[in-house]
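Two complexes are shown next, each including chain A; its partner changes from chain B in the first to chain C in the second.
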Partner chain A sequence: MSFRNRMLAPLLVLFAAAVGYPLIYSFYLSLTNYSIIHPKTTHLVGADQYVRAIHDPDYWSALRVTFIFVICSVLLELCVGMALALALQRQRWARNFTRSFLLSPMFVTPIAVGLMFRFLLNQQLGVIPTLLAKVGVTYDFFGVDRALFSLVVIDVWQWTPFMVLLLLAGLESLPRQPFEAARVDGASPFYTFRRITVPMMSSVLTVAVLIRSLDAMKVFEYVYAITRGGPGTQTQTAQYFIYQTGITFFKLGLASAMAYILLAMVMVVIVILFRSVERAKNA
Partner chain B sequence: MGSTLRRRAMLAAGLSAVIGLTAACSSGTTTGTDSGSAAPSASGSVPTTVSGTVRVLMEGVPDTDVVKAMLPEFNKVYPNVNVQIESIVYDQIKDKIVASFQAPQPTYDLAIIDNPWMGDFARAGFLAPLDDRIAATPGYNYDDFAKPLRDIGTVDGKVYGVPFYNYGLGLIFRKDLYAKAGLQPPTTLDELAADAAKLNTAGTAGIAMQPQRGYKAFEEWGNYLFAAGGSIYGSDNKVHINTPEGKKALETYISMYKSSAPANSLNWAFDEALRSVSAGKSAQMVSYNWMLPTLNKSGGQSGALAGNFALSTMPGGKQVLGLWDWAIPANSKVSDADWAFVSWLTSPSGEKARVIAGGAPTRNSILTDPEVAAKGYGAEYYAAVAKILGNSAPLCSGSNCDEMITAVGTEINAAVAGQESVDDALKNAEDKANQIQAQ
Partner chain C sequence: MTTAVASPSDERDALLDQGVTGRSTWGIVGRLLLVAAFFVVLMPFVWVILGSFKTGAQLNDPALLVFTPTLDNWREVLDSGILQAAGRSAFVGVTTVTMSVLVGSMGAYAISRYKAGGGATRFGILAAQVLPPAVLVFPFLAISFTLHVNDTLIAVIAAHLSFVLPVVTWFLIGFFDAVPRELEEQALVDGLGRFAAFRKVVLPLVAPGIGASAIFGFVLSWNDLFYALILAPGSAATLPVRIAGFNTFRGVELGAMCAAIVVSIVPVLIASFFIQRRLVRGISGGAVKY
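For the complex of A and B:
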């Protein structure tokens, strides 16, 4: 074995143990009828669990809810995060204080954020509905067709700082010359943003969107703490559904198959995204 | 499951009672009879010389704290049994004990089992039958446990769990508001709806409801179903809720949510309802019977409203029942020490000490014991609990209960949200429940 490979070996061993084994074992489980409470009757069932998952309308409903959640939350976080990053880039005083203050939501554990908003948005006991009522506004935050959007807003509150962090780093690493040239040529701020900032930030934007999308795809805590998937199944996300199937209902084989289908979908999206970025770079 | 908030305010007084009892008692005896107000004594079936470490996983609630406080007293009788209690949140208990049940070397030697899990765990072979141990324990008087509680711990004719504490539901209402409106506790579902409507004012909702998707929605609506004269299971042991009684119950439930519950409370569960009632923002709620002492505790979370709350059975007299059981894992290496502890704690005298300290009762004799009434929360409260425990049923029996309860609770919640019609929700709920339980 060459020296280079020997140096890689510890990392590969660690990777195989920490990531490879769980992945392989859960894939094996997805090919069985494994149920925690019936371990002695476990046997291979081929692709049956995948077929079962694909034919489960609740699974597709959960996937749809998850994708809506991811698209809405990441888009909002991107827009708000970019606006904040641009503002922070121009800030002249109290920069460190503002930045640390803005970043604070993402240091709170998501389950605590969920519980916090559960009561903050409570119509009878929460401070936000009380303040809204004082100006004559009544809004059912967790009502039909609204609960999912409320969860999106909570996610935006917590994770926009992360977007700000990435985008601000990207903005501050951009060369100054193109912006100075644009200013000399009399370009408007919007034109400069559209024609210079965004193209030059494309790699950072892709990575930021990708990281946040993958993270948002894992949404579980807000659902668990606030809505439990309701009203009906309107906020039942894929992670919550898979958790219930595997851990609450003991069906680990089926839950593993559901997780692998989700993983395959995510991998396809990632590959397409990276290829499009590569093409844009080469064009 | 329903014990996420348990009488924290009562705990100090309860523990004081235990400590007082402990101090008053002589050192452990080895007699097999447990009676009177003496300290719980040794279980006749297990010699006091038995030794071992009993690791038990419990929910971090005041009932657990009551048990912890009784351990020194237990060790006076069984000095060589070291009971180690690990307290965690409810949602982690099942994962951990199931893992322990299947391990060659168990992580836990004794378990508490929530009633929806009992059928699955017993049939999976995770739990040891207790019939022989119960029969061999003099003075244990197993039949003294309320029958609905005994039924939960009995699977396919064998006893796998002995009752720890109940979480049966009842109607908790504001006496002052009822008196002001000239109302008596409702005896029919229609009366409950009419009372809630009458009590509904600008500042106070008629009733705090808990239609959150899943367990909570089904648990609350189950009481309405019983009040409408329905039942969850038919004589064929299949779920039959798509019935005229089921329809009446769900229509009333939805109508009351729309007309008398706090606005926008579709995702409310136990915590929200409790806070609403204790803050004087709702006149009543369907909740766990042991919430009454909490609400009436002077200086507790109800503030000036303390003492204004009363407990009643649901209209019609029948309500939903919940229970935590003690069970010995089949892979436990210290089953004698397990039973020594369980039989000591759940014996008539152990139960008496536990209930006086603030634990939720399970034995009929305790509910009529004048000493318990005097040192506990009063005869009126225990009389109401006796009625509740005497006529109640769990949401589910048989297999796959968690999944079945979630499925039905999802349909109930969808109907309340207006996403489904009452007929569709009941049909879907019944079909899914039977399909799940047949797996």
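For the complex of A and C:
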């Protein structure tokens, strides 16, 4: 075996064991009626679980909820993150501390973030509703038609730093000349941003948005900590719904089929991400 | 004729402002935004730290800032075995990261230098990081039942390898890409074998990158709830699973929950301060050169 393959082989073996095998096993599960309680009765049922998943309105509702969550979160994170990155680029006082501190939410255990906000936003015990009440506003953060947006706000608190991290790096690695030329020509800051900064950052923006979208798609902890899918099924996200199907109702086969359908959808985004990364790397 | 010599810092300031001076409207808006962001980030941390020193009655008054602190929550939470859970989380993190760095550094080097495995391998490594965990968790559960390792750390370590290994490898590819080839070529000319050149010349150069990858991989493992909750909900529960167990509205446990949250976030926050700058190259797999 050549040197390069000898170096790669251990990685491939471990990767196949930790990712490849479960991935194939999961596909097998999705074709069976596997039950944790009666594993002996497992047999192949063909595409039955897929048919069941596709005809389950709750599954589609969970996908819709997840889609709305991802779009809202990532768009807000992109806008707020860009504004903060531009502000941080010019900020010089206590520079390193400010940056590290503003980036810190992305490292906090998500279940802890979920629980913190559950109580911060709680009607009786929460600081924010108490403060709002003092100015005469009553707002139930986890009420009907509001809970999903509150989860978006929590996601924005935790993950805007991720956008800031990548966008700030993108801003700081831009060449100087175009900006100097724009300044000499008297271009307005907004014009410079729209016509120079954004186009030159397109690959960073694409990579940041795609990674964040794929990550937001996995949202589970906030739902588990706060709403458990409610009110009704308004915050029942795909990851949480599949968890319930597999763990609470022991339907591992159906849950695996649902996960595989989700994977097929996500795969499109992953391929786009891969192409953007390869292109940016070779540029 | 006097020529003003612009010092590098003057030039830099002029560039940073890009025609926008600190006194302009945009400069002020930017500063206000940063101040606002600072308080938005700070507030939950302050609340949870204060909460960990409040009694049940004091917790019912969320706006209370000045009070006689109590250590009861901390005593209760330490007696409840939270440190053992933190120890289990640390064990899982260190084990997965060690395996990932050992195997991942060699693999990443082969991928970065020799394009080993081709595009398919790189795609697999990227895809594994962003895969929905719901796809992999049920096989891990079924296998752990078959092997009778359900509710043990072995199951959690195996599951965490499925995302820590690709993340660490991906990071390292980005860092190896940044090492100039000439250095190893010189080492080969000097008579070192190819593995020796890797171990003695290249590895020391990417040591900071390895450190950043290891810490980031550890943070991911430490923070995971989904796999740990499903594979080890009982006696081998990791810290996030234990924290999720405080999920209740009773005041006394709210205080203990705050203390448990502090235990879980302090180590990762400290660790993260050292790696933030290097994260960019790592996360983007070398696509954002920073």
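We take it that the second predicted complex is superposed on the first by the 266 of 283 C-alpha atoms of A that agree within 3 Å, B and C clash if a C-alpha of one lies under 4 Å from a C-alpha of the other, contacts with A are read in each partner's own complex, and residues count from 1 in each chain.
Heads up, the rule we're going with is that a residue touches a chain if its C-beta (ideal position, glycine included) is under 8 Å from a C-beta of that chain, and two chains touch if they have at least 3 such contacts.
These figures come from a predicted structure and were not determined experimentally.
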Comparing the two partners chain B and chain C, which touches a greater set of residues in chain A: C
Taking the superposition as given, does A:His55 touch the first partner, chain B, the second, chain C, both, or neither? neither
Which superposed partner A:His43 touches (first chain B, second chain C, both, neither): neither
Counting only touches as set out at the top, which of chain B and chain C does A:Gly229 meet: first, second, both, neither? first
Quick one: is A:Leu252 in contact with chain B, with chain C, with both, or with neither? Answer first, second, both or neither. second
On the A-aligned overlay, A:Phe274 touches which partner chain: chain B = first, chain C = second, or both, or neither? second
Once chain A of both complexes is superposed, is A:Leu125 in touch with chain B (first), chain C (second), both, or neither? both
Between chain B and chain C, whom does A:Ile242 touch in the aligned arrangement: first, second, both, or neither? second
Chain B versus chain C as contact partner of A:Phe142, first or second or both or neither: first
Footprint overlap on chain A, comparing chain B with chain C: 36, 39, 119, 124-125, 247
Interface with chain A, chain C side, in the complex: residues 15-20, 22, 26-27, 29-31, 33-34, 37-38, 40-44, 47-48, 51, 59-60, 62-63, 99, 102-104, 106-111, 113-114, 116-117, 119, 121-128, 130-143, 145-146, 158, 161-162, 165-166, 169, 177, 194-195, 198, 219, 222-223, 225-226, 229-230, 239-240, 243-244, 246-247, 249, 251, 254, 257, 261, 264-265, 268-269, 271-273, 276, 279-280, 283-290
Residue set of chain A touching chain C in the complex reads 3-5, 7-8, 10-12, 14-15, 18-19, 21-23, 25-26, 29, 34, 36, 39, 83-84, 86-91, 98-105, 107-113, 115-117, 119-120, 124-127, 130-131, 157, 165-166, 169-170, 172-173, 176, 179-180, 182-183, 187, 189, 192, 203-204, 207, 211, 214-215, 217-218, 220-221, 224-225, 238-239, 242-243, 246-247, 252, 255-256, 258-260, 262-263, 266-267, 270-271, 273-274, 276-278, 280-281
Under the definition above, what is the set of chain B residues touching chain A in their complex? 94-95, 98, 102, 120-121, 123-124, 126, 205, 212-214, 216-217, 262-267, 269, 272, 275-276, 279, 281, 400, 402-403, 406, 410, 413-414, 416-420
Can you check the complex and tell me which residues of chain A touch chain B? 36-39, 118-119, 122-125, 129, 138-144, 147, 226-234, 244, 247-250
